[in-house]
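Please read through the structure below; I'll follow up with questions.
The first chain written gets the first letter, and so on, giving A, B, C and D; residue counts start at 1 in each chain.
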Amino acid sequence: MLKVLFFASLRERLGVGEESIPVPAMATVAGLLNILRQRGEDWADALAEGKRWRVAVNQDMAQADTALKAGDEVAIFPPVTGG
Amino acid sequence: MLKVLFFASLRERLGVGEESIPVPAMATVAGLLNILRQRGEDWADALAEGKRWRVAVNQDMAQADTALKAGDEVAIFPPVTGG
Amino acid sequence: MKVRVQAEDFDISREIAALRTGNAGIGAIASFIGLVRDMNDGTGVSTMTLEHYPGMTEKALADIVSQAEARWELLGCTVIHRVGELKPADQIVLVVVASAHRLHAFQACEFIMDYLKTQAPFWKKELTAVGERWVDSRESDDAAARRWWEQKKAQQ
Amino acid sequence: MKVRVQAEDFDISREIAALRTGNAGIGAIASFIGLVRDMNDGTGVSTMTLEHYPGMTEKALADIVSQAEARWELLGCTVIHRVGELKPADQIVLVVVASAHRLHAFQACEFIMDYLKTQAPFWKKELTAVGERWVDSRESDDAAARRWWEQKKAQQ
């Protein structure tokens, strides 16, 4: 399983902060996003290609082709606005 | 008369901090420096062309051709090293 | 290096004193404080809530400081970022950088702020007279962070 | 704008508090502190004496700050420079700049320090184990001041 986290506006829009998701067959960030987009219109829209979201894997910034394995912590969030 | 001030290493080397000097016939910074250089070897050397000294007239940084008139305050000093 | 994420306020004098203790080789200290403004994009702000990603924030800040330490000659660095509910005029972030010379201190301090603004997982939500809104990221912040990467590339 | 030349020490927290009072539009405060180092050019320094040109120092500092205010959008600026006899680790100079945005605060703070280092009539004399010596000006400081002039020229 993956531990998947959502933050800020994405967390509010999708109505979930944390959940467990099986490692997808296509075991990359892109594979996980494809599965999430199939959950419905809201998910497909919030996580659409070209939308401004970021992904971190095990607390490091990640890319679409970053590999995933059981036990990984994946976080999906909007561009950061601290400081 | 001009009020002429010397600071820092120039003041120590020339042994004078402040004096009154008549406005030179050539009433510019260059004219004043020419007169001071005639005071002896030490003065000629300390104020030689190409040496690193600066001049302020009435507390604003000045150039060789800056005009002088009676009552002006002229300060001669090495490059500044504050901060 | 000292990195802290906390709800509590901070005092710049105290942080500088702690950073300097016992190091008389420090000649320059550059620092930055970010504050909650009472206006943003023309609307009055009454409360600012800072959400963060616990664990990753500390890691990201430590990584940003390590990059600065690899790039400039630093003699100490402190980064404090607050989280939770803040009010206008409250302090949000503190960066203090010590070095023998001012150019290193200034550059590292600016670099840390630019990277923090684009790489550290904090999100601001403003409460205004017309409701709540998440603050949008700015292209100017991305551009500010990019220039350091380009400067480094140009030097290689 | 607040410019002071004094023998007394200063406290950055107190100066920032005074600068900020009543202005919740400030989003960024950049500051710089210059300190007496215990070593310079490889020699131990036991005392540093700051000579200045009374009257012109205040005028030069005010002029430097005015130039910064004309060039960037500032919401406040404080410059304090000490004179007299100082010891290693003592504070020499403080520059605090407030703005709505960090780029303006950082740039103005660095600009003020670069101009102060080349335009304000202060001179440092060090007492070391091998005697007294006047500190030499650095070409790197002239170069640092020049880049602002060149940047301005390039923008015109």
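The working rule: a contact is a pair of C-beta atoms (placed from the backbone, for glycine too) under 8 Å apart; a residue touches a chain by one contact, two chains touch by 3 or more.
These numbers were taken from a predicted model, which means no experiment stands behind them.
Chains that touch both subunit C and subunit D are absent from this assembly. When each chain is reduced to the average of its Cα atoms, A sits farthest from subunit D. Between the Cα centres of subunit A and subunit D there is a gap of 48 Å. Annotation: 71 Å between the Cα-based centres of subunit A and subunit B. Put simply, the C-alpha centre of subunit A and that of subunit C have 26 angstrom between them.
The set of subunit A residues that touch two or more partner chains comprises 83.
Shown for subunit C are the residues in touch with two or more other chains, namely 34, 102, 113.
Chain pairs that touch, as defined above: A-C, B-D, C-D.
Across the interface of their complex, subunit B is touched by residues 34, 50-53, 55-56, 59-60, 81, 92-93, 113, 116-125, 134-137 of subunit D.
Those residues of subunit B that touch subunit D in the shared complex are 5, 7-9, 52, 56, 59-61, 75, 77-83. Listing the residues of subunit C that touch subunit D in their complex gives 11-14, 16, 20, 24-39, 88-89, 100, 102-103, 105-106, 109-110, 113, 140, 144.
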